[in-house]
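Before we start, here is the structure in question, set down as structure tokens.
Labels run A, B, C, D, E and F following the written order; every chain starts at residue 1.
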């Protein structure tokens, strides 16, 4: 077992869990905002083992889920163009836009869509198809945005004329702010996203403790990471001293990754942005700077963000704010399933409703 | 000619030459050589019949090709009913322009796989479609065999208390295919497990005729197959995550792409559900064969949560192991 | 939200490194990393980019802390 | 969704829904509904087994569609061995984006054809390939049936002195398909003869069990089929041009395109070679059935020019009727 | 039976055949130069019924067969171009060029080839594929050339910019002249092509009787037409008065079809041309006039007539001159079959060797 | 060499005629014909063009001539 595998060690985890069971004597509602945490909590079985006092609420934690329907409508329109090839992470393939259309159905309708693992691979698609414009769909939080920014810089270095990015990147801190700004939100603590934090560091979360007095822990994705974060939260709650703690020090520097941030800042600039289920959040998105306008798909002729109708019947807002469990939504497992998602929480496995659907045995 | 032409599918002399030069050469036997509209076979007792079309891309992959896969896939489905696979038919749909060398390699590989599986290819059909109307080559095989035990194993027969065995590592075929895909390319020391299971199933049933269920976890992987059986038999199935054998490279490849090896296809593995008292005997037979050397028990059949599959995690938690929804796609979140 | 995997660096070639997990290898870009990794280092890989070097000493420290705190034997 | 998606071929929940909504609905029966890896069938005595893939373009044509054709084609091949067709398997290869309405129409048509032919579809498989990797839909069917007479009719059994019958007009299917081709388009009052011949063959063999050869002149047409039999039996076959029934519209269409109706495919006709004394009885049975109402004797089996087919022209001349070489192409000279 | 069907009437034909059997008491070697005559003579069984004194020799009668290997090489090169769609009569699909390549194998190699029944249909292909150049392969004698000329005029009327013709049309009289000019030719009489004559009339054949004293009859394609032509030839031989007789008066005017000739002359002009098996024959081919240069595929950049090696071992020259029967060629049904034709006579069913292969029972 | 079929004219529309044989109909162009056909006339069709009108009287005359010459009854 190497030093990183120890973070999965069942014996160590059980011991931590016993400690948590002993110490969590007060009710605690915590939210994790990162979908990878969501999946880890469910997939590891940790959720079924948490103390009865602890309630797990899944946040808006998947950049794909929160891609707004207007944004989906926008790239579906682009996909229809004969001279366009869409390059995308697999995550976006099933995300529904207006009228249940998605990249999957667009493909069936004749659109050319290439799934890539890395934005770098989209450059190769562009090089291989000089007669068409390759549009990479830039989605993701601060972890992914620097990779896409670096790719745009590379495209310029390689003098690629037929590569563009449709930039719908989003930022985590403004979303947390929006959640807490709502007086109805019922969240006692946050588990903060480890890989976003690897880029942005700890400082941008300071307001969670300072202004909202919500204890928050940056941590990793192994069961040990999550358990230790929960123990830390319980301790902070007991001591009455909320803070933002970095418990993922093997990866996250308090100052984050300044190189990645510099690349991101060179190419992108923050703007107000639309979030599925949450609406327009100030300063929560990124757009491509003027200096890289030639690589901006949004500036192609005829590209706009169409209006999209609001979601009828979806209770995601309440789910996200911890006021309702996914299976309490009247649409859950009826009109709304992973095959026919209604709201953002059902869109990818990382949404709270989808995780319930996929992992919960006792529904 | 070095490429397949439309004329080779015309039914005329060009077709006859093509069939004789290629298919008779590699697949020929007395029955096929009759060249009547149908093959005449003698079969006794209840028989199992199964069909599959093979459209795998790429047509050559680490550990096999579409030809051997087409033999293994159908032989295995017939074997899963407790039958001895005897005869196969094969239908080829070829794209005009397919290199003859590729086709010859595939047909030779089919012949070899059929001989190894002790099945005879007794009827065939070849169509050639215009360039662009198919992707290189598709192969349908349909197989038939005599059922060796009564009652035959079936997905409907899983019973509470039964033990669930798998014959080896999960996900090798699926990951071997993924590793060849453009845009995802990584180097994985993994080859497809594609193999004929007919012989091993024969040995198993000779020693342990009371097996309840046999099934090969192909498309949809182990998770989907277990869900199908839980549904057909209306029982719960509980498996232990830590006991499921997965090659470290398959686990590694899946972690990069955000995939779950339990939903990846296998083409040379099967799962066996049988009464607990016979489990050790079955494992002994399986482990004695190279195709079952990695056999282990991974769980049991329960009365609880009927129709569902529960997974007990290393942490001791329990969660649903759902069915695959659509195809698994690589993801970054 | 941001699936990222710790992979071991087995070769470095300017801005590109070969990384490995479970015997599977891939190339990743080093454009974003803030401290150049050495061979044998683990890096966190996301979407084809190494985004941080992992600190092995820190990891061992953390584990040791828990083991001691919980009264468990060292593994 | 109004179009076929890749997910429908994933083997997961989307596949299961798709199969249930479509295939069970139209093709379902107790055996298919078991959903095991293979169907369990009881069969006695010698059986005939045949396979064919159907790639017809267009998928809907005057007189039928690819679905009914896929049933008829294989049922007929099984029947040609003197067997009663009982069970079919079917393998679908679907192109992503195929309209669901088209698919539903095709599957419904298969169901109808299977019921009319009294065969059950006992196993199936569905693959979906990316747009552009197949042309709309390909269907493989494999059939099996119990042989009713001993010895079974075979292309090897044509004997000198035998009479050659055909069950009706030659070339209808081939011309109906040609009439739909872009670039050749003409209006022809001709529909495909696609039909299941199992019932008629049953009646024929009940009345005249001593039939030597049955064969359906599909790809390559009457001329090619006769050549195959002459070769298999090592006999000559002599036919009278004036006796071969051809619809005037088929003759007209062929004259425009420079084609020969004797090389056009038929999908609801067969030829029957039998001892001369039984020819009238056979014709009577055939003519009493709508599918054989146009049955006539067209020639006989000879010792002369073994392996070849001779055509006696209306003028009284004699010439070779060769085998089709490659596909017939329209010509201007 | 309508008045045209009577020309097939077996009873009438048998009566004519009896008359021919009675009258043909001298050896007679006749050649038909039209492939449709060849096929009719074989297919109707007439050949097996001819008097022993009459020897049937098949001429160079198929425009496809005599398309020179250089010309085939030329269009196969064009077919390779990504921006070209070849439109062609089905007849040309299997005609072999250098190294056994043909349009069939080109298609398998990825070329786009559309088979049309009429050159008019090629205009529709061009209209439907504005991004590519559609090249129609102009082959055929005087029957076909006017149809292609009319099509080129229509393309100009429709202002189609992406339609061109690769013009390899050939003319019949110069080929007859070349055959007879060879002192070794051993032909007593000609049956002349009915449909070529429908266009050119009787006058261009006058030299056959005038200069070479070979009796010749223009006739139709039904058995009665051919039998009556043979009777006419036998009569002329007996009388010692060779002439060019028009026995196809229901279709052929002695003056031909002046309208069709005018269209042909407007678009094409005669040149020396290469014939497969016969070599360069003066004034035997047509090219597109300057006025229609925009529709001439030969004038596309890079299009040339490549050199093609001579045919090794083929005895077509002797077969065509009546000095050898097809099955006397050492390659017949060995190296040379319809699937692997060596010489022009095996290329299409209308060639003498191919007709032997396809129709002759006693080989 | 020049496959051409006699077909009956069943409709005329400027330069295009509908023609028929054995119940099969097609459109042909009349650009090349030197004498306009009437409905019911037969034309010789080659590669989509009518190249000549067929002379029915001439055909009957020919047949009659042969029948008389051969001493056959008129059909």
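Criterion: a residue touches a chain if its C-beta (ideal position, glycine included) is under 8 Å from a C-beta of that chain, and two chains touch if they have at least 3 such contacts.
Here the structure is a predicted model, which is why all the values come from computation and not from measurement.
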Graph separation of subunit D and subunit E (steps between touching chains): 1
Far-end chain from subunit F, centres as C-alpha averages: C
Between A-C and D-F, the pair joined by more C-beta contacts: A-C
Distance between chain centroids, defined by C-alpha means - subunit A, subunit D (Å): 57
Inter-centroid spacing, subunit D versus subunit B (mean Cα positions, whole Å): 31
Centre distance in Å when subunit C and subunit F are each reduced to the mean of their C-alpha atoms: 86
Subunit C residues counted as touching two or more neighbouring chains: 1-3, 46-47
Shared-contact residues (touching 2 or more other chains) in subunit A: 35-36, 62-63, 89, 104, 117, 121, 140, 144, 339, 350
Junction residues of subunit D - those touching two or more other chains: 5-7, 13-14, 130, 256, 258, 325-326, 331-333
Listing of all chain pairs that touch each other, if any do: A-B, A-C, A-D, B-C, B-D, B-E, D-E, D-F, E-F
Subunit C - residues contacting subunit A, complex: 1-4, 6, 29, 31-34, 42, 44, 46-49, 51-52, 54-56, 58-60, 62-63, 66-67, 70, 72, 75
Subunit A residues within the subunit D interface of the complex: 100, 104-105, 107-110, 339
Residues of subunit B touching subunit A in the complex: 183-184, 256-258, 305, 308, 310-320, 322, 325-326, 329-333
List of subunit E residues in touch with subunit D within their complex: 8, 10, 13-14, 17, 35-36, 42-49, 62-64, 89-91, 93-94, 104, 114-117, 121, 124-125, 140, 144, 223, 338-339, 348, 350, 357-362
Residues of subunit F that touch subunit D when the two form their complex: 1-3, 5, 7, 20-26, 45-47
